[in-house]
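In what follows, a structure is listed as C-alpha cells, so that the remarks can point back to it.
Chain naming follows the written order as A, B, C and D, and within any one chain the residues start at number 1.
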Amino acid sequence: MEALILEETKKLRLGEFAIEEALGPRDVRITIKTVGICGSDIHYYEMGRIGPFVVEAPMILGHEASGVVTEVGGEVSTLKVGDRVCMEPGIPDPNSRASRLGLYNLDPKVRFWATPPVHGILRPSVVHPADFTFKIPESVTFAEAAMVEPLAVGMQAAKKARIEPGDLAVVMGAGPIGMVTALAALAGGCSHVILTDTQQPKLDLGASLGPVTPVNVAKESLVEIVSAMTGGWGADVVFECSGSAPALAGVFAPLRPGGCAVLVGMPGSPITYDVVGAQIKEARVEHVFRYAHVFPRALALMGSGSIDVKPLVTDTFEFADSIAAFEYAAHLPPTSVKAQITLP
Amino acid sequence: MEALILEETKKLRLGEFAIEEALGPRDVRITIKTVGICGSDIHYYEMGRIGPFVVEAPMILGHEASGVVTEVGGEVSTLKVGDRVCMEPGIPDPNSRASRLGLYNLDPKVRFWATPPVHGILRPSVVHPADFTFKIPESVTFAEAAMVEPLAVGMQAAKKARIEPGDLAVVMGAGPIGMVTALAALAGGCSHVILTDTQQPKLDLGASLGPVTPVNVAKESLVEIVSAMTGGWGADVVFECSGSAPALAGVFAPLRPGGCAVLVGMPGSPITYDVVGAQIKEARVEHVFRYAHVFPRALALMGSGSIDVKPLVTDTFEFADSIAAFEYAAHLPPTSVKAQITLP
Amino acid sequence: MEALILEETKKLRLGEFAIEEALGPRDVRITIKTVGICGSDIHYYEMGRIGPFVVEAPMILGHEASGVVTEVGGEVSTLKVGDRVCMEPGIPDPNSRASRLGLYNLDPKVRFWATPPVHGILRPSVVHPADFTFKIPESVTFAEAAMVEPLAVGMQAAKKARIEPGDLAVVMGAGPIGMVTALAALAGGCSHVILTDTQQPKLDLGASLGPVTPVNVAKESLVEIVSAMTGGWGADVVFECSGSAPALAGVFAPLRPGGCAVLVGMPGSPITYDVVGAQIKEARVEHVFRYAHVFPRALALMGSGSIDVKPLVTDTFEFADSIAAFEYAAHLPPTSVKAQITLP
Amino acid sequence: MEALILEETKKLRLGEFAIEEALGPRDVRITIKTVGICGSDIHYYEMGRIGPFVVEAPMILGHEASGVVTEVGGEVSTLKVGDRVCMEPGIPDPNSRASRLGLYNLDPKVRFWATPPVHGILRPSVVHPADFTFKIPESVTFAEAAMVEPLAVGMQAAKKARIEPGDLAVVMGAGPIGMVTALAALAGGCSHVILTDTQQPKLDLGASLGPVTPVNVAKESLVEIVSAMTGGWGADVVFECSGSAPALAGVFAPLRPGGCAVLVGMPGSPITYDVVGAQIKEARVEHVFRYAHVFPRALALMGSGSIDVKPLVTDTFEFADSIAAFEYAAHLPPTSVKAQITLP
C-alpha cells in the first residue's frame, strides 16, 4: 500500500510499502480518512529518535487518526462496517500488571503507532483492536475526530486534576497541548482558564476558545494577575503544558493553598523544583503520560458541543502533499495549531 | 421594618416587625433586592414545621436572596459599600468540630435563615457575616443571584459525585433541585444528562437547558434508555433529586459498574434500598445536606456563562404582593420552576 | 481424580470425578493443600442455588484454597515449581470493559470456583492462571493462606473505606466476614474497632484479636457506647458485615458527620434505609462485591505480622472426612469461625 | 516565671521571664511536664532565623509539649482540671479562608510556638485553646505525649499518601521525622517499610521499630533492593524525609507505576526534579507542611498500641539542665533520635 515512510532522519518518502495485516477475531479493519501531524512525528523526522526510541528501519509515521470501519472480526459486537471511528494509537498487554490495575497507559509493553519499531497510520488502512476503536458521534467530522488523540492528553490532565466545579485554572503554554488542555479544563468543570505564553498569536487564538484570559508572560506577571483575580488566594489548578524550565520553576507561585499542579509538558532535562514553595501550600502534583479511558469521554463532550476543536485545525493537506505538510509542520507559524493530512 | 411574617401555620402577614441588628466588625449590612421562594418556605407556611424545627413564634420567611452592601464592619476587607452580593443563609460556629474539618454545613449549631427560631430575609435589610456574603459578577442579575442558593445544592451534588470529564449522568426528578443539579452536572464536566420526571412540562423545560434527554418515566423505561445509550454499560452518575420512594428503589438499576449515586432528594420516610443491586456494581453513594464552599464556585460558573439559571426564574412578584406570591408558589403549575419576590 | 462433589441439593459425594485440565502458557498446575469451607459452599449444599446461580449438574465444591505449584506454563515468569501459593477463585475476561478499568471483580463474565457451572477445588489439583496465583511468605502456613480468600473481602472493605490513620471503626456482625474485616480495618490504619453481635462467644473471640471493644447489641446500645467513646462525635467508619435488616437500618446512627459506611453483608431482600439520617451527616456509602487486587496485599500484611488469622481457623478436617466437615460447618457452633479441610 | 530564653543567636538563658496570660472562655491553662527539642529549636539557637522568621527579641523556645490542665475557661466542655494533655503548637485564625476549608495548617496567620515573635513553652505553664489541646490515653506517658508533635508530621505524611492496606513504602532518611513517618506508615496500613540513610546506627534503630528493612544507601542500591522485593514493580509510596538533594533527585526511581511520593523533608534550596521520570509512572506527589487534624489520631494509635514511640526518646534532661540539653541536641550522636526536657 502507499504510505508516508520515514526512511531515515530527515528523509521522508511517499510511496509503496509492503505491510500485511491479518484481522484477528477482536479486530477491525479501518480505512484512514484524516491524520494529524504531532510534534513527536516531527521529532522523529528531524532527530530520528525520542529518548530510548530510535528509528532503525523505515517506519510509517502518524498516530492521530480517524477513519471508517471496513471489516470486523468474528467476536466484535461494538462496531460494524461503515462506522465512522477514531483510534487509540497505543495497544497494551491486557494481562500486564499495570493493565490489570486499569493503568494501561503505564504498561511498558504498550505498542504505540509511529514509535519504533511500530508503524504509524499515514497509509490507506490499518487493522486495530475493536476495544481501542471508538465510534464518532454524527455531528463530529473526521478532522475533529483526528483531534481526539491530542485532546485525550488534555482530558487525562483534566481528569488527574480532579477539578471541582467552578475551579479557576492556569494553563501554562499555548501550544497544541496547552490549547486542548484549556478546552478539557473548561469542559471538565473549570469556570475560567488563564492561558500563558510568550507568543501573542497563540494567546489570541486561545482567548477565542471560551472564558480564557490570555497572559503574555513576556510582558505581564502571571502571579500578579492571578492574585488580583482571586483576592490573593491563587488558582485551584495549574496545568503546566510548556515543558519549559522557567515555567516549571514557577508552577507553585500562582497556586492556592491545597491546590493541584498537573505536569503535562515534557522538559528536555531534569528541572529545578521549588519543594518548599509546594510544601507551604501542600500542593498536590500530578503527572500525565498519554491517557487511559478518555477517548469515549472526549467524543461524548465533542458530541454534546461542550468541546469544539475546530478552531485548532488550522491547516489541511492532501495525502499526496504529505511531505510538504511535514515541512510546513516542522516550521509551524505561531498562528497555526494543528496541521492535518486527509486521505482519499 | 416591613417584613413577610409567618404568624402561625397558614397565616402570613406583610407588615411592620421590630428587628434590631448590630453590625459586628466582620459583618456587612445588605439591602435585599430579590428573594426566591423555596419549598421549605412553603412547607413552614402550610405545616408550621419541618421535622424537629417548629415555628413557635412569628418568623420572617425567605432564605434565597441577593442585595447590595450598604455598610461594612471594621475588619471587613473583601467587600465594600455598593457591592452587589448574594448570601449563604447558614452561619456555622467556626470553632465546631465539623467546621474545623471544613464540613461547616454539618455543624449542628448552624443558624439558618427562616429555620426556627432564626428569621429569614423577606425584609428590607439584613446584617450578615462578610465571610458568607459573595460579590456577584457584573453580568449576573439580582434575579439570577437569588438562584445561587438553590443552585448551590446542585453544585454540592456535582462536587460530591466527583464527576470525571465526559461522564453521563441521570438526574431523577425535574423539580427546581433536579433542574439546578442538571445545570451543575453539565457545568461540572458531564457530557450529557438524562432527566426523568412524570410531568411532561417540567421535562420540556429541562430539555431546553443543554444536552439533556428527557425521559417521562410514566411512559418510558429509564433503564432501557440508558442501556441503549451506553451499549448496556450504564450511567456514570445518578443524581436522585425527587425524594420519591420508587425512584430511590431503582437508583442503582441504570448505574454502571463502579458508578456513583448521589442522594439529594429527601424522602418523607425511610425507603427501600437495593443493597445487593448496589453491591454487584460496587456503587458509591453520596448524600447531600445543603452545601459548603460552593457559592463562589456557582457565581464563577454563572459569570463565565457555563451556567444559565435565567430559564428557571419563571415567575416574579413585587414585595407588596408577597402573600399572593406564596399562595401561587404553594400551587405552582408544572410549567413553573421558581417564583421570586423583588424588593423596592 | 477424587473430589468432593455436590451431586444435587443436600447430597454430597466424595469420590472419583473425571476432569481434564490442559495447561496454557500463562497457567500453573497446583496441588491443593488446604481448603476452607465458606458459607456459600454450605448454601449451595443446602439450597442448590444462590440467586441466579443454580446447581444443575454435579459440581465440585470449595474456593478458599492454598497449595503448591507442580507445573508452570511456558510464559510464566513469576512462579516456579515448588512455590507455596494461594489462588484467587475468580477469573475475569481481561478484555471486558470492567477489567480494562481495573474493576475486574465487576466483570459479569467472571468465572468463579464452585459457582455453577464452574467447578471448585476440593480435589487434588487444579490448573489456574499464574496472574491469579500468589506466592505465600515463608512464615505463612497453608491453613492461613487458605484464609486469604475470605480475608480478601475484609481487605476490599478496608480499601473502599479509605481509612485515615487513627480512624475508629464499627464492625457490625462477628461472623467470619466481620472478623476478617476487623483484622483488615486494624491493619489498614484504624486505631480501634467496636465489634457488634448478639452471640457472646463470637464477641469474646473477636475481642481477643486486638484493640477491639465487643458490644452485644442484644444487651447494650451501640449508639450510646460510640457516643461515650467519641464525645458525641461518632465513628469514622461503619462496616456492615451482618446483612441483617435491623443492623442496616441503624448503620448511620453511630457514624460521625462526613463518615463512611461500607456495606459488606448481603441481606436476603431489599432493606429499609435512612436517607435523611445519611444526609444530615453527608455519609459516604461504599459497597463491596468480592475483591480485586488485594490478595498480594493480604499476604504482605500476614507476612509482616500485621494480620494474624490463626485464631479464626477453629476446626480442621481431613479430606477423607469432607462430608462430615460440611455437616459440621452447616451447623457451626458460635465458638467456631472457620472450618478447613486438609488434603494429603 | 522561669523559662528557657533564646536571648540572641547562640545565647540561651534559663531564668525569670515576665509573661502574663489571661484565660479566655475557650482556653485552658496547662502545667508543662515534658518538652522535646526539635531541629527547628536548634536552628533558631544556632542561626537566629529560619527563612523569613527572624529572632529579633528574646524568645522562649520549645513547642513539643505535654502537661496537665490546671484551669479551664467557662465555655470549655471537653477538658477538666487534672486532665493529662498534649498540645498542638500552631493556632490558626478559624475564620481564614484556609481554615474554613479545613486546611488550617495552611493559614498564613497561624501563630506557632517558638516561631518569632511567638513564645514557646519551655516554662512552667501556658494558656492554650481547648480546641488544640488533647487528652492523653492513660497508657501514654508524658514523654510519649511530647512526641505527638513530631509524630504528627509523619501522620500527616501517611494521611496524604492515602495508603491502601498492604502498601510497601520507602522512607528516605532515618532522622526523627523519618522514624515517625515509618511508624505512621506502618500503623496507617503499610505492610513493610524500607528505610534509607547513610548512618548505620540510625538504620539499626529504625530496623527495630517493626517490619522495617534498613538500606544504607552509602553501600547499597535502593532501586535494586526495591526491584528485587517487588519483582521489578516498585514501591507503592516513597516518603522523602531527608530533604537531601540526591534523595530528592531519585525519588521516582523506586516508585511503582501509579505510585505516590510524599515530600516531607525541606531542602535548603530548590532541587533537581525528574519530571519525565515522574510522568512515565504518572506519579502523584504530595507535600507536607506541619499537620492538621491528626493529633487525636496519633494519640488513638498510641493508646491502642499500634504506634510505640518509646524507642525514639533516647535522651532525657531536667529543666535545670536545659542549656546543656540544647548543647547536646545540637550535636546529637547518630545513636540518638530525640532529646527531651522534663519539668518539675
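As a working rule, a contact is a pair of C-beta atoms (placed from the backbone, for glycine too) under 8 Å apart; a residue touches a chain by one contact, two chains touch by 3 or more.
For clarity, every value in this text was computed on a predicted model and none was experimentally measured.
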| item | value |
| --- | --- |
| Pair joined by more contacting C-beta pairs (A-C or A-D) | A-D |
| Averaged-CA centre spacing for the pair chain D and chain A, given as whole angstrom | 42 |
| Centroid spacing, where centroids are CA-atom means, of chain C and chain D in whole angstrom | 38 |
| Touching two or more other chains - residues of chain A | 101, 103 |
| Chain contact graph, described as a line, ring, star, complete graph or other shape | complete |
| Touching residues on chain A, where the partner in the complex is chain B | 78, 155, 158-159, 162-168, 184, 186-189, 191-192, 210-211, 231, 294, 296-298, 300-301, 303-306 |
| In the complex with chain D, residue positions of chain B that touch it | 26, 94-95, 99-104, 131, 293 |
| Chain B residues within the chain C interface of the complex | 51, 97-98, 101, 103, 105-106, 160, 233, 248-249, 257-258, 263, 266-267, 270-276, 278-289 |
